[in-house]
Each structure stands twice: as C-alpha cells, then as structure tokens.
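Two complexes are shown next, each including chain A; its partner changes from chain B in the first to chain C in the second.
On to the complex of A and B.
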C-alpha cells in the first residue's frame, strides 16, 4: 500500500484541540473538515488533496482522545500521517479508524512543507522525492497491521469474536 | 509483576504478561461523558449494530453541560439520554459533578479493576489501584460495548518516586504541575507510571489523585498507586460493592526509575500554550486576570475550597474579577456547606455553579475574549479551549487562584498567608 502526495508539515506537541476545536466536535463532518488545523495553517484545509501526507513532530495529537481528530484528518483525504512520535490515544485512534500512521524519528529534519513524499505503509518507508532521501519508520505491531487491513477496530472486533 | 501487569494478566486470562505484548482484556467499567457519549452512541448504533453486552458496566455522566446553552446541545443531550435508556446503561444527568469524581463517589471505580473511558484523564483512577486508561470512541463502540473487552499493549513501567515535604503555601497541585514540567510533555509516552515514595504515602487520597491525573499530559498510558490502608478505607467509605485488591510484587522490574524531591518547590503556574510551560509563580506574577476558577478535571475538590477560604476569608476579590466556584460533586458542595466554606467564598465575591466540569471548553459558563485571561485549577491550558485562542489560561493551585482573584493579577499566595 503506497500513497504519494504533498507534504504538509506541522510542529511538536500539537493537541487534538488544535486539529479539531473542541466546540466543533459535535458539528457535521462537512463543517469540521473545513476547519482542520486552521489555527496552525489555514491553507491546509482549503488546499489539501487526497493522498497528501501530513508530517508532524513530537507527541502529535496530545490531549483529548476524541477520535474525531483523526476522523477529520481522514475526511480531508490525506493518505498517511508520519510523525516523530504520536500521543498514545491519537496513535490508537488512527489504527482504530483505519488511518495509516507511522512513527519515524528524524522525519521532521528530512522533509519540508511542500516536498513530494511517497509512503509505503506496509514496508514503513518514507521516500522524499524532492530531496532524494529515504526514511524508515518504526515497525508497527502485527495486531495493528491486522487492524488496518481489516479496516479498523469495528470489523476487527467482529472478526475476533468469531474466532 | 506490578499492579498493572497483574490486572491485565487476570483480565485477559493469562498467568503473566510482558511489556510489549498485545492483550485483549475484560473491561470492568466504561466511563463516558456528554461530549464523547453522543459521538460513541452514534458509532455504536450506526456502525456496529450489536447489543450492549454488559449495560451495568457502562456509565454515562453529563458533566460538560450543566445546562445546555443552545437548542442544538439540548437535543444532543436528549438523544444521549434516550440512548442510555434504550440500552439500560447508567446515566448520571447534569448538575451531579465531574465524571471522574462522580465515578469515585458512587463506587463505580474500585481497586483491582480495568477502567476505560473516553475522557483522556481516565488514568486518574489509577489512584485507587486500578488499571485505568483512556480509549477512543471506536474502541468503546466497537469492542467494549458489544463484547465487554478492549485491546491493550502492555506498557513498560517507570517508577516515579516522590520524596520530601512541601513548604507552606505550596500544595500537592503545585508539585503535580512541577512534575509535569520535569517529566515533560511526551516525556513518558506509552509508559505506565508507578507513583511511589514517602511524599505520596503521606497524602490523603484526593491529593494523591492529582498525580495519576497528569499521566496523560506527559504522554503516559496510565499511572497508578499501590493501594494501602488509606485507599481501602476511602473506598469502603463510598461503596459497599466488593472488590479484589491487587498490589505490585516487591521490587518489580522498571524500564526506568525517576526520583524527585518536592521540598524546595515554590508555587507553580503553567501558562498557555501547553502544560509544559510551567514555572514558579514569580515568572507570571502581575499578569492581569479577569476570570478565576476553582473547578475542572481534578479541581473543585473540598481541599481546593478549603485552601481558597484560607486566603479569602474576610477579604474581597478585586473589582472586575469573576471567581467561579464549581464543586466536583454534590458531596463536595454539601461538605463545603457544612464547613462554612460556601458562605466564606460567596462573601469574598465568588459565585457558586452547579457541580460539573465547569467552564472547561466554554460550554456552560461563557467564553473568554481575546483580551481576557483566566487562572484556574483546570487540567488544561491549550489555546482556544475556553474561548478565544488568544486568551491566556494559567493553571495553579487553589491558593494561587484565590490570591490572584484578590489581586486581579497572577499573585504569589505566600504574600497572603502570613
């Protein structure tokens, strides 16, 4: 599974509140998605295209564990999230809703906003086509790989219940 | 094994578990509040479509709204009430208190259990010797509700040993804020934090509670304290439901051991944009505030109102300051009434609000304009959380909140305690 697109780069310690403002969490997704990450980069929600890659720094998605934050990112059409490391609830939520997330220490030093990236989710590689460099993400637990393949936790839980 | 490993082993039907393993464990209680409850109810009914397996283990507390501010919010609460009735789960409606305080006061949380919740501060229940972790909506809707289970990666454990005695004017909340800065945001990602040490042992349960509360904000999966006589007496006073205590083996294996001494601390304040921006109160002293609040996750305890009263008795807060008093539960308000704190804080210029999570997320009690600032005992200070993203939010102890309300600016409480 490979996704290729423009890199949208964000900083460290970004809370879910800044991905989706908490007072918008109950709004319809069509509205939420127009405001994703707007306080950090207003162009992101307007210009993001399916297959683009979101890159961020340390402890991405900290604070509230609302799955609405990764769901809103998925609704923008981004193909993958690549971070130095994620907050654990955000990490968990991404796999549970079927949004691929890779943790790749050193990634923020190797890519710039606007670079073209190709991400191989299964292999855990991130190729920066603009700069000709390759990065290797931390391996993903087999249970979580299975969850992504199943399409998230809802189908996986049903599968496990049958076993 | 330590307490968390033992609980996870038991709940997943294994002899033992090792850090790094993924287990599927039985869940004893699922705690949800009014924001996440509605989102989860939609996923459960629209995407899962199975029966609620153990309705008695699911608890919904309306704490972010004590009164819905709009027709739309009223409708969301009503739909969530109907969901609770349809599936026979516990519902604690508006004006009863903060989710975590209510869960403890009503005996839903007991030592040795697996507690999960949608609120990210769910790890606070490690205070009573539980394995308690926050999960996302889809975990609850897809696995906990239909099957009574959840998946967990067994965390590596770090010992956080706290020693020393606090100086006058410095409270356990100051120590917890300081510790957040010491460990750092993301300083303990995916870890379990085992809080130990003489400082902690000497604290009462509601003060111990402030330490597992910070687990999420340093990135940890959970925090826990081994139950002792104080814990058991506390739990027995709130519930007669049975429980089976689990404690860590002597000398459990730790990934790391961190030691801290709180003896030289000054009062601490964490200013926006994040909790990691924590400094001694002097760094922010004199910065104007218009809102002061005793409430929020981990705030609004009886201990907080006692501290505030020690400073505010016989005094008046500064003109132009609103002092919001938000008890964390009805039991806290009743106790404050008995102790005379309700009158002392009202006479000082404060206003009492219904038991709830307070002004958190600008739902009940208005929003901050970009020109305003708030000092509170809340757990978070992220931009935009209580109104304008430009509004400053300062977190501090109840003493610091009270002193700042008197001055109309961030103030060192020690000036008022002599």
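On to the complex of A and C.
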C-alpha cells in the first residue's frame, strides 16, 4: 500500500463543512468532487491528481460526522490523508469508507505545499522526497489495515460473510 | 485498580470481564440510532446484499433533519425509511412530526442508564445525560452494525470535570460548557470520555445535563457522562421505565483519569462563542452590543422545555426588536405539547417569535438560514461557516437567556438586565 504524489497542505481544526460545503452535501458525487475544500483552496479540486497526498494539522475533520467529507476526498483520487491528528468521527469514517489516514505528529512542520511525498500506509512512513526527510506515523491497527485493503467496512463485511 | 465509566460500560457491552483505556473491543450496542441519514444506511444495505438484521429491536429511526420534506428527493428518502421500518419490524420509528432524534428518544424512554448507543449523529454524546454511553459513527458503520450486531471500539481515556456550584445568577449549563470549550479548546477532549462530577451536577435537571453532554462533542469527546442519581431515576419513572429495566454504571472512586479539570460556576458570567469556531469564546461583556439580524432558539443543545420556558420568562412584557427575526424551533413534539399547554407558546408568539415545527430547523440548514453578511445569535452547538446558509454569514452561540435578551435589544445583550 504505497502512494506517491504532490502534497496539498491545509491548516488546523478544519470542519467537515469546509471539506464539503453543507449546501452541497446532497448533490451527486460528480458535482461534489469538483468543489472539495473550495473555501480553503479553490485550486485543490481543479488540480488534484490521483495519488496526491493531503496533509493537514490538528483535529482535522472536526464537527459534523457526515461521511460525505471523506467520501468526497476519496473521490478526488488522493492516495492518503496525513494529519497531526484527526477528529474521532472523521478518523473512523475514513477507514469505514476505505480512505487511508495516518496520524503523524510533527508532519506539518516537515512538509510544504507542493512537496513530493511517498507514503507507505502499512509501514506508516511518509518520505518527503523534495526535502529528503522521513516521518513515522502512529501505527494503524491491523484490522483497520484489512478494512482499507478491502475498500471499507461494507466490502469487508461482504468478504467476511463469504469466509 | 478502579475503572472509569467508559471502561465499565464497554466491558459490559463487549461481554468481557474488564477493559482498560486503549484496548480495542467488539461492542454490541444496545441501540443503533439513525436519523435523516437512515436512507443512506438502507441504500448501503442494498449494496451489501443482505436483508437479515441482527436485532430490529435494537434499531431506532427518527426522521429529523429535513422535516417535513421540502423536495421530492427528501420525500422519497423518507418514504424509503418508512417502508423499510415496516418491512423489517423496526418498532422504534418516529416520523417527521416527532422532532430531534436525541430528544425524542430520551423523552420517550428509549435511553436508559448503562446502555451503549451509536448514532449517525455526532451529538449522540447527549445520551450521557441519562448515564448512557452514546457516540456518533458513520452511516456505513451503522449499516454494518444493523447486520453484524457489533462494531469495533477503542476504550477511551477519561477526563473528569468537576463543576462547583451553584451557578452564578443569569447563567446556565450552556455557559458552563462554552466556558469549558473556550478553555480546553475544540480538541481538548478528542477521543476521550468526559465525566461530569461535582456539586453542581448532583441533582441537576436532566434538561441541563443534556446540554452538558451535547456540547461535550464540541471538545471532541467520544462519550459524555453524568452519574445517574435520583433525578435520573425520577425522569425515567415518569416515562414508565422502572429500575428493573436498567443497570446503572458508576465509575469507581479510584478510577484512573487522563486528567481532571475544575470549573467554579459560582463566578461565571454569560458566555458567547464567536464566529467561526465554538472555542472562540468571550464573556458577554466583550461582545454585548453586536448587532444581529436573527435570533435562533433551537437544536438538541437548547430547545428543550426548560430552555423555551427560560426564554419566555425574559421575553414576557417585551417585544422582539424591529427588523430582527426570532425563530423558535422546539426540539420535539413533546416540548411543543408542553409549551402549548402552559402558555409559553402564546407568550413567545406575542413577543414576536416565529415558531416552527419541531426538529433540527436552522441548525441543520433547514428553515431559518441566512443571507450573505447576516448575523445570527443561536442557542445551537455549532457556528462554523455555512452551518446556517451563507458562508458569508456569522453565527454567535449562547444560552436561551442571552438569546431572549438579544432578540429584545436587536443586539447581543446581557440577560441579567431583564431578570
């Protein structure tokens, strides 16, 4: 589980209402995905490429627990979200829908917007290729890694039912 | 070693002897709540291709956020939920007239001490007001729990909050929580189970306990908890729930807490959370005089009977300032019934309030949202940009008493001037 791409860097305490505007939450995903994080960086939704890495500060994804926020991030094609730490419900929702999330205290001091990052989800490492530094995230529980590999809790439940 | 509420309640729901903070266990919730998002759970279940539910009696559905429907899409979603509940024998189903899920379930005796409840709503921490462990999860996870009966949970560390009372004149549970959130920060209790203790909490009304536990979410809490006592038992008895129907869970006196926070409520002044973050808190003196276009008394934080009674007490004999809209959205049908019966409804209308149907209302971006540049003072629990309509509008959060005083003045006002 390794992804490599451009770093998109955001700040602290970003609520889910800023990831997907609440007045767009019921729109079709093709529409939502064109506006992800629009109030914070309008270029993000336009220019993000599959495999890019979103880096943010503390308490990312606070406020309302609507899973449309991580779903929309996943739909942009980003390979991983790396944060100082996440809001509880956002953390849970990421794994539930199959979006890799790493909590890595200190990450925001070590990367800048536009850096090239390589992230190994299983090992929990973030390599900043632009600056030649490596960061180690908090380990992800093995059962959550399995959930990610399956693509989220619903595909995992289907796998488990077959076993 | 003593155990916290969270360690004990999760051990019971996981069917294991003991748990300690940091453990991950498979928990069987006693109740799985889904609100307006229920249709998403049903659609997810269709994708999973399973039709058999673990236990329909552990499922509760309440049609709250956008009620009644104002688009054909929402109407179809609600219809889907009604038909699903009927087909699957889900008896705890409340339709669009009922109000906000949390308040409806508590008022109708579905929440009891010692229960573990998950819900498709972040403010599910409110169930701690009755000594239950409530927390929010996403809709896919609710769907998976409908089928499997369990979900993973990490046993949280606990924070003990000691509140010394009685509260200063003119303040209430909302002021206590805004003060705490301002001091601890929006992430001050992330992942933690927050236990409220102290002489203020003992004997406090269930309504005020709901406000405490609801707002704990705005510090990032996983659970909130007020120890069950005679007040809890009386509230339940009024709803036909007798002590043989539940098992109280109390933390041990020597339980281990990640930290303890003390708050002296005796010197508190009314508090206001300023745009655009709940932890941007100022005492009323710092913001009094700020012009508002609208006052909203609503939400699961502060639209219970006691909240509307407090607002009416201040509004009686006054009128809403010219050009200001006062929107009151009772939390539930139960609240509406009571305010109609005892004249609070009329008092609010005579003072110039617009009273909407029970539900989440403007707090969920439903009726009562704002245009660019407008300002609302709200009794709800969130003031992030875009929460109530325009992203170029501002929201201040405060108690029902501050809301009533502000509606009269047309600018943020100290309720102590009217008491």
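FYI, the second predicted complex is superposed on the first by the 157 of 163 C-alpha atoms of A that agree within 3 Å, B and C clash if a C-alpha of one lies under 4 Å from a C-alpha of the other, contacts with A are read in each partner's own complex, and residues count from 1 in each chain.
One rule holds for everything that comes next: a contact is a pair of C-beta atoms (placed from the backbone, for glycine too) under 8 Å apart; a residue touches a chain by one contact, two chains touch by 3 or more.
These figures come from a predicted structure and were not determined experimentally.
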Problem set entry | Clash or fit (per the criteria above) of chain B with chain C on chain A | clash
Problem set entry | Which superposed partner A:159 touches (first chain B, second chain C, both, neither) | neither
For this session: Using the touch definition from the top, say if A:47 reaches chain B (first), chain C (second), both or neither.
Result: neither
Exercise. Regarding the shared-chain residue A:67, is it in contact with chain B (first), chain C (second), both, or neither?
Worked result: both
Exercise. Touching A:129 in the superposition: chain B (first), chain C (second), both, neither?
Worked result: neither
Exercise. When the two structures are overlaid on chain A, which partner does A:143 contact: first (chain B), second (chain C), both, or neither?
Worked result: both
For this session: Tell me which partner A:112 touches in the superposition: chain B (first), chain C (second), both or neither.
Result: neither
For this session: Could you tell me which stretches of chain A are touched by chain B in one complex and by chain C in the other?
Result: 13, 15, 17-18, 21-23, 26, 39, 58-59, 62-67, 85, 87-89, 92-93, 96-97, 141, 143, 152-154, 157, 161
Exercise. How about chain C: which of its residues touch chain A in the complex?
Worked result: 24, 37, 44, 47-50, 73, 120-122, 136-141, 143-144, 147-148, 152, 186-187, 190-191, 220, 222, 277, 365, 382, 384-387, 389, 391
Problem set entry | Touch list for chain B against partner chain A, complex | 22, 24, 35-36, 38-39, 43, 47-48, 73, 76, 118-120, 134-139, 141-143, 146-147, 149, 151, 153, 185-186, 189-190, 216-217, 219-221, 274, 276, 361-363, 380, 382-385, 389
Problem set entry | chain B-touching residues of chain A, taken from the complex the two chains share | 13, 15, 17-18, 21-23, 25-26, 39, 58-59, 62-68, 85, 87-89, 92-93, 96-97, 141, 143, 152-154, 156-157, 160-161
Problem set entry | chain C-facing residues of chain A, complex | 13, 15, 17-18, 21-23, 26, 39, 58-59, 62-67, 85, 87-89, 92-93, 96-97, 141, 143, 152-154, 157-158, 161
